[in-house]
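Labels run A, B, C, D, E and F following the written order; every chain starts at residue 1.
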Amino acid sequence: MFKLLFVFAVLILSSNASVQDFCVADLKGPESPAGYSCKSVTKVTVNDFVFSGLSAAGNTSNVIKASVSPAFAAQFPGLNGLGLSAARLDLAPGGVVPFHTHPGASEVLLVVQGSITAAFVSSTNTVYLKTIKKGELMVFPQGLLHFQVNAVGFNSVAYVFFSSSNPGLQIMDFALFANDLSTKLVEATTFLDEAQIKKLKGVLGGTG
Amino acid sequence: MFKLLFVFAVLILSSNASVQDFCVADLKGPESPAGYSCKSVTKVTVNDFVFSGLSAAGNTSNVIKASVSPAFAAQFPGLNGLGLSAARLDLAPGGVVPFHTHPGASEVLLVVQGSITAAFVSSTNTVYLKTIKKGELMVFPQGLLHFQVNAVGFNSVAYVFFSSSNPGLQIMDFALFANDLSTKLVEATTFLDEAQIKKLKGVLGGTG
Amino acid sequence: MFKLLFVFAVLILSSNASVQDFCVADLKGPESPAGYSCKSVTKVTVNDFVFSGLSAAGNTSNVIKASVSPAFAAQFPGLNGLGLSAARLDLAPGGVVPFHTHPGASEVLLVVQGSITAAFVSSTNTVYLKTIKKGELMVFPQGLLHFQVNAVGFNSVAYVFFSSSNPGLQIMDFALFANDLSTKLVEATTFLDEAQIKKLKGVLGGTG
Amino acid sequence: MFKLLFVFAVLILSSNASVQDFCVADLKGPESPAGYSCKSVTKVTVNDFVFSGLSAAGNTSNVIKASVSPAFAAQFPGLNGLGLSAARLDLAPGGVVPFHTHPGASEVLLVVQGSITAAFVSSTNTVYLKTIKKGELMVFPQGLLHFQVNAVGFNSVAYVFFSSSNPGLQIMDFALFANDLSTKLVEATTFLDEAQIKKLKGVLGGTG
Amino acid sequence: MFKLLFVFAVLILSSNASVQDFCVADLKGPESPAGYSCKSVTKVTVNDFVFSGLSAAGNTSNVIKASVSPAFAAQFPGLNGLGLSAARLDLAPGGVVPFHTHPGASEVLLVVQGSITAAFVSSTNTVYLKTIKKGELMVFPQGLLHFQVNAVGFNSVAYVFFSSSNPGLQIMDFALFANDLSTKLVEATTFLDEAQIKKLKGVLGGTG
Amino acid sequence: MFKLLFVFAVLILSSNASVQDFCVADLKGPESPAGYSCKSVTKVTVNDFVFSGLSAAGNTSNVIKASVSPAFAAQFPGLNGLGLSAARLDLAPGGVVPFHTHPGASEVLLVVQGSITAAFVSSTNTVYLKTIKKGELMVFPQGLLHFQVNAVGFNSVAYVFFSSSNPGLQIMDFALFANDLSTKLVEATTFLDEAQIKKLKGVLGGTG
């Protein structure tokens, strides 16, 4: 039996050198199109694969009465390169996650408290709209505009999961109104009225 | 303004023909290495993108005191080709999801009730073990052996999400003991004792 | 030398059976997440790999004074599965391709006549805006909102190329205003004023 | 223990429906860009995963004194979609596998008998040339021109493995001289002399 | 409304940390199989996404009467990791882009001036040949030998687009004749005559 | 002809800058999810693409009477990023490669000496078992448990090839018994008897 131990030790040693089961993000190393650099395996611990940042409710004391807390590779380094990430949505009564897209991933939503009305719009402009109850799932195909709205008179909570460790997040209102894109160009490319644009630029801190 | 309507209608018509934002599984069509065939878009409804099958607790009145309910593309056709799927774990006190792998996906676990002790083992045989509380996440890299055990004296519930719409599931004990692989070959390839193998073959319905 | 011919003939015959250099779309066969089914190689001709549909100018006699003509796999079957597609943009003076995204592809634009002001907005809401002259290229990363506007007093023409044979096209205004999503929900999820929404719903044929 | 059996049976039944560990090629079904359709799992046997066609030597009684026997998905259906395939090379003394490429895969060569001089040429026209002995490996990066020549005075045998179940095979001489591409166009696009082209067209059965 | 601004600012800050919509090439950083390292987002400007290098005609005062100007990730860093690149072809009367392959990408050609006769050869040695006029497209599947020849008595210009930001380029004549691969090996692996090989080696600077 | 040389030199120079046909592993640079960093092309030689480490028999003087020698990217840097790797199996009479998985790749086995009984188990617990003779191939789909056993009374040798340059290797017995996972947890998650677990922990060096 001593020999069995021995031969297996050899197997392990030889395989060790070529093993990379995972690539925990080293946030300070160079990034590539495939994600963050890998932290040295000798420095990896189980805590790299566990994330507690979504266990507490986000702050919904604001106008949208909602909060979004991401667990992407930048927050949860163990996800890097594994094709998955997550976020938590808290929606107070009346809370809304406004129209947005994830340029790099599809999304599955799980309601864990309350009820949420969600929809996505397809390339053919069809609306897929449904109110999702606790324990139900809804999937949003990659890159399409979608939103979530609290459907009940108390706090709703959902977790969403993405098919990439870096899904991206583009909130439509911010893309349009929270930067220095000129009102004239926004008007020309959205057909919104000038007054409407200026109003939302004012609210969201845009200029021009 | 009538003209605006007209030109946009033209844009829609021309883009319609080439749009495939999603590929809802047609479970009766031919399968390819990329997944199920796509259901005709004209037959797709929002219900293809919503799944209620995980909202009720699974039956844990059994010896492992646990249940696993999948929401893969075969159960939840809207996921097909989107690189995501899910499952629900119910663990009664003492409940266990035994050692298993998902050959085709990484997994993220979210505890929504109770607390779960989970671990995966790397190619270098390092154990990454942690007790995960409600609201916490743990990631299991693709293809590695892992397990989940209820860590509290009451029911725990978790949802898991996969980086594929068809992650697969190989439960180690079943791969070893629930088929007709001869006891002699199991013994030779696992170093388990013959009596142990025969005992578990008996329990799990294996022969040979 | 006769033998050389012979052996090569054998090589060809044996390799023929396993050759699939391309997968010209059979638009009537089942679709998979990877694209259209492949037309039988025996029916493929060079014309499947050539597309003339973008050689003529599109009709810009409309309110946006622009047209978009796609050459995706649905129009140009030879592209199926090859990770590429194209479209032609015609912009009369004042012409605009309004804010839109391609959920499944990055895009490169080539101006072949005139000059075009284009921009995309990143997830951090930064605007990358530039006026592109004849012969210049601009790239739009996958899934991000972008637009194109004619920058000169005569017709401008551009060709765009995508990193997928099925890039998708979601025109923001249509996703918001050209369907039956209720005004109330649009208002809640865009922060636009009710009057503005109703006005654009009227123009674009939306209801609710 | 009866219950254990019961619960596991349930687990199996529920997981069965969503399992697709492999996609054995159904050569008569529709093809997609991802490969052949999948044969029904109920008809799959171990013989789909085993291939004996490369165990016998190929016929090298020909001018190139060599033979190439493929085990691509078309010959070996179990490989379909798994990202792997193989071929056997037999080279009699003086045997040559002429310059060729695999448009869709990288290749690793293993010499199992004799010795083979092999080379590939990079995009910068650097030649990577080596004589490989029994038991040695050489890798040829995707799509680059390469050849293999017997390096000894007796039969050499090698097996090659590809990073795709459908790597393709383009033999340069055949692409140039074994079809109806006009001598004038071959001359213009290769800078070879007309006489040289006509000579090889004659040998390889080309016309024009 | 101040609160709306506040909550959105929070959303932005939290999402900023995990955003990587693009990966502009840092040509001095380490490369990975997925491409160049990413330039810091804070140093990225719109000019990284715009390329003017293809707006001027290339120099065709040479024997092939043609020029090829690449816009790959190395020249156009904004393309890095986005699955796209481009090149410009200028062909004077009689101009030729000789037989070549792109080992890592499919290609679409757009004629913007004049007319071009182009062809690719499949693995089964079928020639797909066509004369492409201004505004027409032709696609060349990945890795296959192809060429372009001016079809008119004046300058023709085309732009080509690739399904990779690093498509590679292997010009057949250079792979064969512009290096130190011995005449004997070239002869054995191409069946060309020794005199022909030595002649082209002389022209293209090859030795051996 | 001087001009031809000149123009081609220009073509080469311009294409050089953007060529990355391969990415030979720089084992000391940062790793990414896509693999090792690339060694500078100027330092690459043909020896990076050749591997001799599998030409000699491994040492089978041990209890499993077998050895496994990997040629993954860590041992054979030229494979990095090319989607392929290899290993050599030596099995003395009675030799066994115990149940194991490769989390990141499918595998093809080629017997080059003797005969090997091999099997894999699917997610539905079906055993695909066959004795493979010299020159035969068997494929093992990604991530599934499999084993190899010598089927003859003399040494058998096989080479295996993987669909990744970093396939990983998880030997089941080691994952279970060669680390500090507590006997109690192993018992709970495998249904093995405590005595059996302690016995194998003793043999394989596990604790707890």
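Keep in mind that, in the parts below, a residue touches a chain if its C-beta (ideal position, glycine included) is under 8 Å from a C-beta of that chain, and two chains touch if they have at least 3 such contacts.
According to UniProt, the chain labels map to these proteins: A, B, C, D, E, F = Germin-like protein.
Fair warning: this is a prediction, and the values are worked out from it, not measured in the lab.
S.K.: Both chain B and chain C are touched by which chains?
M.R.: Under the touch definition, chain B and chain C have A, D as mutual neighbours.
S.K.: Chains touching chain A and chain B alike, please list them.
M.R.: C, F
S.K.: Which chain's C-alpha centroid is most distant from that of chain D?
M.R.: A
S.K.: Would you mind reporting the rotation angle for the C-alpha fit of chain B onto chain F, rounded to the nearest 5 degrees?
M.R.: C-alpha superposition angle, chain B on chain F: 180 degrees.
S.K.: Could the interface between the copies chain D and chain F be described as same, meaning over half of its residue numbers are common to both, or is it different?
M.R.: same
S.K.: Have a look at C-E versus E-F and report the one with more C-beta pairs in contact.
M.R.: By number of C-beta pairs in contact, C-E is the larger.
S.K.: So what's the Cα centroid distance for chain A and chain E, whole Å?
M.R.: 35
S.K.: At what distance in angstrom does the C-alpha mean of chain E lie from that of chain B?
M.R.: Distance between chain centres: 42 Å.
S.K.: Would you give the residues of chain E that are in contact with at least 2 other chains, written as numbers and ranges?
M.R.: 4, 12, 15, 19, 21, 30, 32-34, 85, 103-104, 122-123, 125, 129, 141-144, 168-169, 173-174, 178, 191, 203
S.K.: Where do chains touch, given as pairs?
M.R.: A-B, A-C, A-E, A-F, B-C, B-D, B-F, C-D, C-E, D-E, D-F, E-F
S.K.: Where on chain E does chain F make contact in their complex?
M.R.: Counting only chain E, the residues touching chain F are 30-34, 59, 61-64, 66-70, 72-75, 85, 103-104, 166, 168-169, 171, 173-174, 178, 202-205.
S.K.: Flag every residue of chain A that touches chain F in the complex, lowest number first.
M.R.: 1, 3-12, 14-15, 17-21, 23, 26, 29-30, 32-38, 80-81
S.K.: Sort out for me which residues of chain E touch chain D in the complex.
M.R.: Of all residues in chain E, those touching chain D are 96-99, 101-104, 117, 119, 121-123, 125-127, 129, 141-145, 147, 149, 168-170, 172-176, 178-181, 185, 188-193, 196, 199-200, 203.
S.K.: Using the touch definition up top, name the residues of chain F that touch chain D in the complex.
M.R.: Answer in residue numbers: 4, 12, 15-16, 19, 21-22, 41, 45-47, 49-52, 54-56, 71, 76, 78-79, 82-86, 88, 105-108, 110, 112, 120, 122-125, 128-130, 132-144, 159, 161-164, 191.
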